[in-house]
Every structure is written in C-alpha cells, then in structure tokens.
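Chain nomenclature is as follows: A, B, C, D and E, assigned in order of appearance, with residue numbering initiated at 1 for each chain independently.
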Amino acid sequence: MLKVENVSKLFRSGAFGGKKKRVIHDVDFEVKPGEVVSLIGESGSGKTTVGRMILRLTSVSEGRITFDGEDISTLKGASLKSYYRRVQGVFQDPFSSFNPIFKVGRVFRTIRREFLSDLDAATWETRLTDALNAVGLETAALDKFPHQMSGGQLQRLLIARALVLDIRLLVADEIISMLDASTRIDVLNLLGDLKRQGLSIIFVTHDLALGNYISDRIIILQKGVIVEMGATDRVFGDPQHPYTRSLLDAVPHLHERWSEEELKDLGLVADTARSGGHLIEHRENHLVRVYS
Amino acid sequence: MLAVSDLKIHYRTLAGAVKALDGVSFSVADGEIMGLAGESGCGKSTLGKALIRLEERMQYVGGQVVLDDKVLPIADDRAMNPYRFSEVSIVPQYAMSALNPTRRIGRMIDELLDARGLKGSTLRPELERRLAILGLTPDVLGMYPIELSGGMKQRVVMVLSTLLDPSLLIADEVTSALDVASQKKVAGALVEFRDRGYVKSMIVVTHDLAILAQVADSIMIMYAGKLAEKAPTRTIVEAPAHPYTRLLLGSLPEVGIRFEEQRLPGIKGRPPSLLSPPTGCRFRDRCPLAFGKCVEEPPFIEIAPGHQVACWKADAHAQG
Amino acid sequence: QSGEYPRNETLYMSGAQWGNIVGFNPYFGNFANGLIGLVNETLFRYDPIADKYIDWLAEKGEWDSPTVFKLTIRSGIKWSDGDDFTADDVKWNIDLGKLPTIWWTDLYKSIKSVEAAGNTVTVTFEGTPNYQAWQNALWNIPMMKPSQWKDHANETEITSWTPDEPIGTGPYVFDKAGYDPTTRVVWTKTPDGWWASKAGISPDPKPKYIIDLVNSSNNVALGLLLSGKQDLNNNFLPGVATLISGGYGLHTYYDKPPYMLPAVTSWLLPNTKKAPLDDAAFRRALAFSINTDQIAKVDYGNVVLPASPTGLLPVWDKYIDKEAVKQHGFSYDPKKAAEILDEAGYKKGPDGFYQTPKGEPIDLKIEVPSGWSDWMQAVQMISADAKAVGIKITPKYPDFNTYQSQRNTGNFDLMIENSQPLSDTPYTYYRYLYQLPILSSQTNYNFARFEDKEAWDLTVQLAKTPRTDIEKMKEITAKLQVSFMDQLPMIPLWYNGAWAQMSTTTWKNWPADGTDRQFIPISWRGWLQMTGLDTITHLEPAGE
Amino acid sequence: MTSTSSSPAAPAAKSGRNEILYFAFRNTKLVIGAVVFLIFLLGAIFGPMLATHEPLTFDAPPGLPPSADYWFGTTLFGQDVFSQFVHGLRSSFIVGALGGITAAVIGMLVGFFAGYRGGIVDEVLNMLTNVVLVIPTFAVLLVVAAYLSVRGLGTEAMFIGLTSWPWAARAIRAQTFSLTSRDFVGMARLNGESTFRIIFGEIAPNMSSYLVMTFILLFGGAILTAATLDFIGLGPTDSISLGLMMNFSVMNAALQLGMWWWFVPPGLAITAIVGSLYVMNVGLDEVFNPKLRAL
Amino acid sequence: MLRYLARKLFIYLLTFIVAVTIDWAIPRFMPGNPVDALVSRIALMPDANAALTSYFMAAFNLDQPLWQQYLNFWWALLNGDLGRSIMLFPTPVTTLIGRALPYTLGLLLPSILLSWYVGNVVGALAARRKLLDNTVLPLGYLLTATPYMWLGILLAWVLGSSLGWFPLAFGYDQSLKAEWTWKFISSLLYHWILPFASLFLVALGGWAIGMRNMIIYELESDYANYLMALGAPQRLVRKYAFRNAMLPQITGLALQLGAVVGGALVTEIVFSYPGLGWLVLSGIQNQDYFVIQGVFLFIIVGVLLANLIVDVVYVIVDPRTRVGLQGDAA
C-alpha cells in the first residue's frame, strides 16, 4: 500500500542555505494494509521527518514515496485532497493540534467543508456521531474549547477526525508521549482497535515499550539510517544491531532494577551511526544493517 | 532528614485559590532517594518548589518543613536564602535554560559563589572533579551555555546544584524530556551523587514510574494536591495499597506486553479541579472500589513500616 | 583682539539673506549681503526719496551727444588691495555686459564701444540708446577688481565662481575670521579709511563691524530684535504693527501708520490667456470689487497703503496723471463692478455667481504660497469681496516652488505677485507689465502674459527717452497709465513696505521722516545704493 | 517540551471572550487609554461641527488669548485656533488610520507569507524587510514629499504606510513562524485547506490580539510621523493639521510673542493621542497575556 | 560569526544600492526640472536662459542618457561627490554637509548615547522599585509619545522665551568669532543645551520603558529563577538581568537611529540650529534637490554605518550570536 523507496531528506542550514544537512539516509520500507509499523529511535533520529514526508508536509529530497503505486510528490489540488482522504496524521502535542481560539468542533466542520461537502446533513451527523462514539466521546464534546479538554480526549478527537474520513493509513507521531500514564493507554488501545478494523498505522515513538505494545513491525532509526527492522517479536526478542540493544537496555522496567554497574555506566551509547553498510536479512522478516 | 507536616500551598489566581498542596505530610530519611509521582497537575512541582523557593503567586497557607532538625522558613524569602543551595538545592525541570546565556559557565559559578560569600577559586578543584565524574572536562567552564548540548547543560546544572553538598536535593522532571538513552544516564548520575554523599537525600519528581523504580528507594504517589501513598519502591511496585497506585501501574505497558495478547486498562475520568476540590477522598469518582465512607477524607496512615496510604480500603487490600 | 565683536562697535542687520551665504559673486543671487554697496561700489547711487542720482565712483556722467555717454572717474580711489581704481577698471566692468548671462547684456548689445582714456570712459551707442536702462544700470553695476576676476569673466563662471575674499573700494572689507556661511558675514571697516569720507562726500560710518545675519525665520528675527541683539531688521514680521506700538523700543521710518516706506506694489496677477480673465471688462470689474483699504487695515494693521490705480509707487507721484486716474481709475465699488459685468454681457447663474457671456460658469482659483500668511489672509478677503459681487474665486495655497513655477509657466488663474521693486524709473514697471514677446516660460516680466503691442511700443519709447527729459517721460507714462487703467493687465492692490524695524539700544540717528535723514533703512540687495548706505553712515552710538 | 501543557483549567467557567472583556474593563491602563483616545476621537468627529469658523479663514481679531468666544484663542492672523485644532485632530486621525492600515496590510502580508512559506519566499521578503528597516524612512519620506508639488492627507498617509511596516512585518513573521510550527497548522494542511485559508483562517485569528496591538502602534507612529513631516512644511498643502499648526506658530514667532495657545493644544493632542495608544497597548497586552494579568 | 557579519553586510550593501537608486530616480522621474529653479534665481534676459540652462544641465550631468547619468551618479558618489547645491551654486553639497555635520553630530551622538544609557539605568531602577516604576512608566510613555518638535517648542517657550535663560537660535553667539576660546566653547554649549535636552528626553522615555519591560521579562526567565533558587542575592540576579536586557536594547538602538535622526532634524528647525536639519529645510524651501538628495544619502550612509557598528558590537557582547551561527553547535 504505502511504499517508502530509498528516501533521503536534506535540510538547508546556515545562512542562505549554503550548507545542506542530510537527516534521512536512504530509508526504504513498506506498510501493508492493516499493519502497524513503529518507527523507533532517539531524539533527532528523523522519525518525525519520515512521518511528515509521508503526510507531504515536508518534501522528499531523494527517492520517492508511493501510495497504491502513485508517487505522492506529484499530487496537487484535488488529487492531494483525495490522498488526504486516505492518509491522515495525528501529532505529538494534542493541545497544539487544535487551534486554541476555536471550539474543537470546528475541526469537523472544516473536514466536512473540504472533503465531504457532498454529504447530506443527516448522513454527516450519523457519521460524526459514530466516529465520536468509536473513540468514546459524546457529541457534546464538540462544543468545548481545547483548553477545556484533557490531552487524551483531544487525541481521541483527532483520531475520530481520521475515522470520519474513513482513512486507510494513519501516521501517529508520538501521539501519546505528552499524555499522562493513566490516559495514554486509552489512546493506545484505541489505535489497537482501529488496527483490528483494518487501518494501517505508522506509529512513531522513542519509547520501545509502547512500540512493542501495539506494532506488528518495528523500524529502528539511528540518525536517519534504518539500522534494524523486522517483525516486532524478532527485533525485540533478538536484537542484532548494537544500537537496538543499547536502546533496549536503557528502557527502565518496573519490576527489574538495573544493576549498580548498569545504572552507573555513564558511557555514551556507542556511536555506531555510520552511513554506508547495507541491510541484510538476518532472518526471515528481520533485517539488520551490517558494515563491511 | 526531611520532615514535612501538613504543608499547604495555594496559587493565587483571579478565579480563586488553586489548592495545589492541601495538607501534605511525609518525611525523607538521610540517604533516601524518594520518588514523587502522579498525574500531571497533581502538585508535584509545587511541592518541590515549596521546599526551596515560593514563586510570586504561591501562597504559604500552613504547615511546617523541618530539615535536619531546623525549621525551614519557607514562607520568608529572605530568611530562606541562607538555606538554599547549601541545605536545600534543586535541579530544575528547565535545566536546558537554567544557565545565564551570556556568561561563561565558570564565571557564572564563581560569581554565584562569591555572592554567597564563598570563594569560587577554592571550590574550583572540587567542581572540576565532579564534572569529571559526569564525563565533562573542565573546558566547559570556559564555555557559554549555548556551546553545550542539552545533556551537557543538564549535567553541569546537576553538578552546580549539588556543589555545596546540600542536605536535600529536589530533581524536578529531570528525565522527562529525554529519550531512553539519555534518561538512563541522568538517572545513574543521581544515584551516583547520593552514593558519593554529595547530597544526603533526594526527592525525584517525575510522572514516569518506571524510571523511579530504577533509582528511588521509596516512592510517593500524589493525587490532586494530596498524598495517596508512600512506600519503599519495592512495595509500591509489587504490592501497592492505594487503588490509584494500582491503576497507574496497571496502565504502564512493559516491554514484552502486547496489545494483541493483553489489553491494559486505563483510568477513566479526570482528576478534580484544585480550585474547589471535592471533600472526602479525591479519587473516589474514578475509583472502582469507592464506597460510602469515601465521602470522608481518608487519613494518610501507616499500614506497614514505611508504607503510608490514604485510603479507607487500604488495610484490607494490603492484607488481602 | 579677543574673539569677540564688541557690541557697541557692531551693527547687526538681517532681512536680506535667506539660506546659506554663497560667497562673493555679485552676479549670483545669493552673494553675501552688503557686498554691493559696502565692498563693491557702483559708479552712481540713487536716492528715490529725492529722485536724485548721487555721483559716486564716477564724479560725473553726461551725454556728450545723444549716443555718447561720458563718465569721469573720481581720482584718488583705491581698491582694498592698494591698487588705484582706474577708468580701465570701469571699462572692464562695463564690458562684462558682452557675456550673455549678465543681466544688462541686452543693453550692452546696443553699445558700439567703450573706451577708457585718462580718467574718462566713453560709451558710444548704436542707434537710440535705451536711456532708462542705461541710467538704471549705472547705479547697479558693481565695480569688481579686474585682476581678481579676469580668469573667470566668461559666460558661466561670471554667475557661479566666487573669490575667497572680495576686493572692492567700499567702506568695509570682508572679515574672514567671522565668516560663517550658515549664519553670518562680517564686514570690517576698511583699515586705510574710505575714500568717500576722506573726500568729504560722506560721513565715516561709525560701526566698526557690520554683521549681516542669515535669516532662519521670522521668529528668530523677532526674538533677536526684541532682545536688542539686532539693530536693523528688514524682515516682514507678522503682527509688527502691534509690536511697534507695544513699547519694545522699536524705531520705524514713520512714527505712525504706515510706519514703513512703500517699497513695491503688490498686484493681483490675472492670467490674461484664460477666459474670462482675458476680458478687460472682467478685470476691471474685479478691480472695482476689491476693498484694498480693508486689506491694508485688517490684514496688515495699516503698515501698508492701498495702491494707486496706476500701480505706480508714491516716489513716482510726479508721473501720475491725476486727471487720468479720475477718469480711468477704479476704486472699491461693488455696484460699479456689477454694472461693468452686466454691461459686458455677464449674467448671473442659478447659484448667484456670474457666468461668462457664453453662459459658462466662472470658478477661479487664486493662489499664494502656503505659509505666507499676510497674503493668505489677503486672498481670503479678496475672494470674499469678489463673492459679494458675484464672482466666484477660491483661495488655494500651493507651496512656494509650485507657486513660482505655475506663475512662470502661466498655469494659474489668479495670483498675488510683487517681484518688481522700486527703482529710479517707471520704465522698469512698464517693462515688467508689458514686455514682449511672450515666451513659454516668463521668468521676470509680464507674468500676466498680456499681449499689448501698443503699450509695449510705448514702453520702448519710454526707454529711449533720456532720463533728463522728465516732460517727455510724463507724456509717455500718461498714455501708458490710461492704457493700463483701461486694460488692467495686472490689478494694483497695495504697496508692500520697505520693512525696517530698528532698535535704538546700540545705535541712534536712524532715518526718519521729517528729519534730515530721509534715507531708506533697507539692507536688501540693491538697496544700499538707494540710500541704504546713508542709513549706515549716519548712525551714531546710542551711548553718546 | 514536557508534559506541562495541561493548561490550568482555572477560569474555565467563563468562556474565552467574556473573560477578555472581564479583564479589559478592569484594566485601568486600557480604560484610561481608551477614554483619552475616545475623547479625542469624538473631538475629531464632532469638533468640526462645533467649530464656528473655517480653520483657515482670517475672520477673527488677531492674537487673542483663549476666551469664551474663541475657546483656544486666535492666531496672529486672526484664525480661530479651536477650529484649526479640531480640523487638525481630524487630519491626524485620518492619517493615523490610513497610514496605520496601509502599513498593517503590507506588514501582515509580508509577515504572514514570509513566516508561513519560509524558504526562498522568506529569504526574499526578509531581505526586503531588512532593507526598508534600515533605510531611515523619515529621510525617504522627506525626499519623496519634497518632490511632490501637491500633497494631500491621502498621499501623506500612504507614504507613511509604505515606509513604516517593516518592524510590524518582522514581528508578524516571527509570530507566524512560531504558529506555523504548531501542529494545528499541519492539521489544516492535512485538511487540504488553501494557503490563504490557513493564513487567514487559522493563523491570523490566533494572533488577532497581537495584530490589534501592532495596528495601534502603527497608528500612533503614523500620527507622529505625519506631525513631524507637517512641521517641516511637507504636510498637506491644502488643509490644516496639528503639525502644520505647530509649524505656523513657530514660524510666526508664537514663542517670542508668548502665544502659547497656538502651539500648546496641537502638541498636547498628539502627545495625548499617541500616549493613550501606547498605554492602551500595554493594557491590551495585559488583558490578552494571562501571564501579565495583575492580580 | 563572520557569516553573520557577511550576511548583514550584504543587506546593508543592498539597502545602500536601493537607497541610492531611489535617491537618483526620484528627481529624474518626478515632474519639474531642478535647473529651471536655479536659472530663475539668476535675473536674466530671456535669451540667456537657454545658454545657462544647458550649462547647468551639463554641470549637473543631466544632459546625458539616463543609464549614463545613473553610472555617473554612482561614480561621483564613490568619489565622495554629492553634486552641487542649487540654492548655493556652485558650493558642493559635501561642503554644505561638512559645515552642518558637526552641529548635528554634536546633538545626535550625545543625545542618542546618553539617552540610551540613562534610559536603561532608569528603566532598570524602575523595574526594581514600585514607587519609581509608578512615576517612570507614565512619564516614559508620555515622553515617547511626545513629538520631538513639541517638546522642543515647550522648552524653547518656557526656558528660552519666557524665562530667557537659553538662546533660541544659532549654534553660538553671533558676537563671537569662531575660535577655540573658552568663551566660544561655552557659547557653543549654551546654545546646544536646549536642542540636546529635547532630543534626549524624548528618546529617554522609550529606552526607560523598553528596559523596564525587558528587565521584568528577564527576571522571570529560567536562569533568573534558578539563580534565585540557589539563593543568589538580588544584586547578582539583577546584574545578569540588566546585562541580558541590554542586548536587545543594543539592536533597538540601531533600529531607532533613523527615527532619532528625524527627530534631530526637526529639533534643529525649532531651535534654528545650523545642522543638517536646518540645511534640509532650506533645501526644501529652495527646491534644492541636490542638497536634499545629498543629505538623504549622507543620512543613509550614516545610519547604515551605525547599524553595522551596532551589529559588530552586538556580536562581541552577545555570545549567542557568536556561537549560534558558526554552524551547528552542540
């Protein structure tokens, strides 16, 4: 369905963009219908950038991204709109995803105006109510200002927004990292339910536990390079790349305490981000980057 | 040894007083790292700030703070000053921007020490030694904050805050903005400092229970301006007595838990407004165990050594 | 000497110099004021009050024949650099007229030769000389030192080059130490003494220094005057009438209104190329409708006098044909104005305003420069007067530059104009009124663009009348007056004054009516020759 | 950065707009500023109706101090100062409003597009802004005005507007830039909304208070600049303004003659209007910015 | 750092080119011919007009094709030639500017620098003391809202005209020779005080308010909070706040320059002070385009240079610019 083919991204930096900085190197993966793919990496590894490129909020510098075989960078006007009817995103900060001066219901009116203007009022109402119910909200919620709602509610509204459109791929960029522990699981569960209904999700996170919780496949990004990817149980159960391992080691567990040495090992995570090398198939459905 | 009793701190707002701390009593032993956790807005930071410096809008309403047998005059900004830094110190949440951007770090530290009546130069070797422990070279002292990465700044702040070997250190959300790798480093540093005796005791504020489980000796859970539970880390993690603590722990996905296999429950509802909090147990609206008695406020009582809970049903549960 | 000009030895004057001082070239407009008269003297001078020429550097000047003028140069005069002033110097200066950029070049074209021999200079004309212009030139051409100027006596530099220090024959020399082009020029008494006082022709001026201050604005001038920091002020000061009677110790030529000598006629300038202003009847009707007495009284507080219908200044009173004025003149009479219009076929439209005989509405603009408040008020009064008669005139206030360029290019309806000052002959007035041909840009004369061949011929005839032949001059001017009053190419309104406010704190013996000091107390360029200099030479320190 | 964005739901009881009004009426700075401003605005609107004289006609006795007949006295030439004053007020407001609007429109367009589009558009617009910013605009105005033979209020206002926008553009650009990085703008793009719609429907409303304040400052600035130009004599040639009044009074020795009633009212009015605008601005800031709301 | 300066320099260069082009274009594309004004100033017989007009057209380089004129204009400019004045032909405009400049600079430099310094100190004090704040703030707003000329007029009226304490015109007493005697210098100062005071006061208000607000903002910043949490005395915190608040004020200084120059021009007019403002005014009144143009260019260059200096100073005092633009620090 979605194919990310050897995509690289260069940002201009410095005055007048004299220099270019490559933040994504040759990223190549695929998302199948009904599949949840997690993009995992530390801060600055390029997760958001990949997500934004898929959403066409950032342009692709090299390579291409196709959806159902169509190169998304060629989309314009109506075809872009139709792309957005199939692919949507939810972002990290629920509070900043809503225009703070309007009531939250405005988002849905905009959706209707931009995408569903052909729908008659009744159909629209039922569709809206259904979507809201699916995320566990009442229509009354639409009449509130963003600051009057909790982060979890807002994220659910955004997911409902995607549901109204009946999309096929959702890019969820750290959508729970700003939520309280008590509410984040609600949102995660909701994503899980949607996946069951056949929605594909690209789940961006730096929290391995969360990635593990709902995803089918894991992609580990380090400084814009995919260092390891594969089925969730493979990558987590048998991490091959040192970077993946160090990430896993750093995850605190409730019930297992780090040993004294582990805790006080203040050495930096091995800087193994080298460009070059290539991904080889370690096992079926498990690719690892090796360097010659 | 820190002993806080019935501390009440309110925020003055136009809409009325926000009762961010509404009668909080607990103690932290020497050498203890106490984790403080709870949902956003429950008053964690307020507690941390109250122990060192009240901001303009914070209003001291009542209670007492005793540190090493001395009563801290927390309501009196001037009287409090001599205690700051040397007795109580803080690693703020905003470590990234805590350093004056236009002063070289070393110079800033010297000026600060001089202003406190200490000689910057005599402390210099100790400063450099501690920086080295965290993997920083003395060069950083000659740099401007902007020349350091976020993690470096955070470590510098940690060293600076503990330079005078305070009795109590408050670390407010020092790991929250970091990814797992950096988080671990900071957590390690906290323990290291305690172990070396740079600080006697510590309050680590965070909403991330998993990290507390790694570093804290005891964990205190707050809910809506009140204490819910305090116990040794192991007890909290393995045998929490307060229903809120349990629900909170239950909603944490551990590596290995998968949605497909085990669907974790969340906690329904939202915490009450602190402007006019309900009487009685503040968690009762969301509590699965709530019963008639919950309209009365449960006392924060010790149900086992070092294990305090504020719940009418705590006893039953701890034993059951 | 200390770095100061002692107050009791210094005469401060201002009123002529606007903007920075541009040096010492008497042929360029903004030369240091006082240069002509105090340094570079003229062959003759002229006393307008007595209508008398004063022999000056020339001891005599006579027509040997109708075409030969013979000048006798006074001997014993020295340039300030020590050289003798000679007839050759005079010839050289007159010969400058051959340069096309010199203002009397037209006159010079009719000169066949200029010869110097001994102390005489003989000027021979071709055909009938323009006697009037020649006479006028004689007291206006400054004598410059040929050795200083000879390298620059060409077409362009003569109007733009400037020496660092001017050399002249006059009572004062340039004081370099005090020169500040932005604020002042200082003239110091000639160290070796002035030829005129040595020769007993003129008293020796008492002020050791004359400081001519650059005008920054009326308010500065007024401030200085009121605080006794200025002795002779030649600005028009708004509200001056109240000051004179206000006990500020100010002296004026007359001690009662109009206080000032009349210096120039202010005219209502119609554009005679535009209907209905091309119609003499209409212009006359306008003339009858304006209450100039009222303007003089209300607007000026009586420091000006209403003008004679001939437009001629009071000094030319002897030329005025009183009989003609009675018959052809005009005075404020709205009824008469209406009659003239009715007679000429003008009819009132539905709005109560007159329309042209062809039935077109009349709506005229009258313009004066913005900020010239006395004129602004005057045009409002004019427009109100005209409205009373039924002529629609709207005041407009463009800025000065616009005003000037519109005037020169003929892009206006009505304006107030007064650029032709007092002189020794009414000829200059008639040239100003009638000169032909009309060019696309009229820079000095005939702004009304009035084409009257006959009047211009008469003016030329006047020019060719010797200045001594007063009767002939009267005869011609009488004809011109009749023609003028019938046609009114411009409408005389009032006489602007020779604005002079004098302070008696440091200097006394200022000119005054009814004394033996009937001089014009004016330092404007060209006026020192017209007894401005005598004002200075007759001053005495006030302390004594 | 961290999870502190749980906004204090404290005054949630009142809805956003009411809350603003509530604070607005309690903000003394805003109230005082607005009252002073309104007084002068009313003076500008209704004053000319009260004036018994044409501002430029000379139909009064000259040089009178204020009296019952001539409230603000008369000029040296017998013009009624009060009439001049109220007409001048009107001109000031017109120039301020027109100049302010022109500058605000340009500043907004440049700021919005530079901030939103970024990249090369930003570079170019930014360059333009910087160029106009460092040019001493007053000097430009001076040159331009000096060459115009006919000058009216409209041209004056327009030229002021054309030269005074850069700081506004800069500020708006910065605001837009930070708002653009907010996720709701990304959401809007995912909605397929047009650039125009995003800018004016999503971004602009969020900075409306800021835009109002910017406009207020531009308004005040335009009044000051106009007064300065008028004072030099580059003001309108066909009407009266407060700056011209000062020009006339100074040029005609009102200082020396002690005719204070001629130059005090116009300067006082400008100071009061501009001052009230500035004070209102501070008040508005306090109203809109919860951080500054005094207890 | 060098990149930063290079970028700034580029902008200044561009600004300069734009300004010069505007300056060159305006008189050429506006109706009316400056030379006519000059010629009409010299009393001429009609037929001499043409000769002199063409002479002056040539003298002002107006007789060439436009592109040539443009290049000439640049060439002359780069040679420090701003043309000749019309009203004071043939005085070079640079001479006129040279005469007026000392007066203007003498007003501008002290008033800008002193008002900046004093304003900042007063503002910083105001941020500290409620009482002072309550007086400084309203007064500051009043002062910034005051048109330069009006304050000048008021001072002139009260202190000059009514009380007679100060002179109201000229750069020095006209009874003195311009020699460097004590008497002359004191006269210069005496004439300088009022125009200086009015410039100083108006600018002062703005700086004081700006500084006060900046300080309050700085005192709420994280580093100030941290310092206070570590028990740093107020003195140190305020010292830092002052230093840091000063930085935006430096850039503010550059941005304000143009306005202050405008203020100086009108103030000079009020006090008949023989500086550039005075020169420009007579240029305007006499339609002397070359003087107007010249002064304009001069101001542009002055302001650009001052901006550049401020930029360099800023880079030196603010470490953030130094590092932040070296590339990707940290």
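Everything below uses one rule, namely that a residue touches a chain if its C-beta (ideal position, glycine included) is under 8 Å from a C-beta of that chain, and two chains touch if they have at least 3 such contacts.
Keep in mind that what you see is a predicted model, and the values were worked out from it rather than measured.
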Tell me which has more C-beta contacts between its two chains, D-E or C-D. D-E
So, comparing C-alpha centroids, which chain is the farthest one from subunit C? B
Return the distance between the CA-based centres of subunit C and subunit D, expressed in whole Å. 49
How big is the gap, in whole Å, between where the Cα atoms of subunit B centre and where those of subunit E centre? 55
Which whole number of Å gives the spacing of the CA centres of subunit A and subunit B? 31
Multi-chain contacts in subunit C, i.e. residues touching at least two other chains, fall at 217, 219, 223, 401, 405
Give the residues of subunit B touching no fewer than two other chains, as numbers and ranges. 40, 207
For subunit E, residue numbers touching 2 or more other chains are 32, 161, 168, 285, 287
Residues of subunit C touching subunit E in the complex: 2-7, 10, 12, 18-23, 27-30, 100-103, 105-106, 155-156, 159-162, 177-178, 180-184, 211, 213, 216-217, 219-220, 223-224, 227, 229, 400-401, 404-405, 408, 439, 441, 443-444
Quick check on the complex: what are the subunit A residues that touch subunit B? 42-43, 150, 180-186, 188-189, 192, 206-210, 212-214, 232, 236, 246-255, 257-258, 263-269
For the subunit D and subunit E complex, residues of the former touching the latter: 127, 130-131, 133-140, 142-144, 146-149, 167, 220, 224-225, 227-228, 231-234, 243, 246, 249-250, 255-256, 258, 260, 263-264, 266-268, 270-275, 277-279, 282, 291
What part of subunit C is in contact with subunit D in the complex they form? 217-219, 222-223, 226, 237-239, 242, 298-299, 370-371, 373-374, 376-377, 380-381, 396-399, 401-402, 405
Residues of subunit E touching subunit B in the complex: 221-223, 225-233, 235-236, 240, 243-244, 247, 317-320, 322-324, 329-330
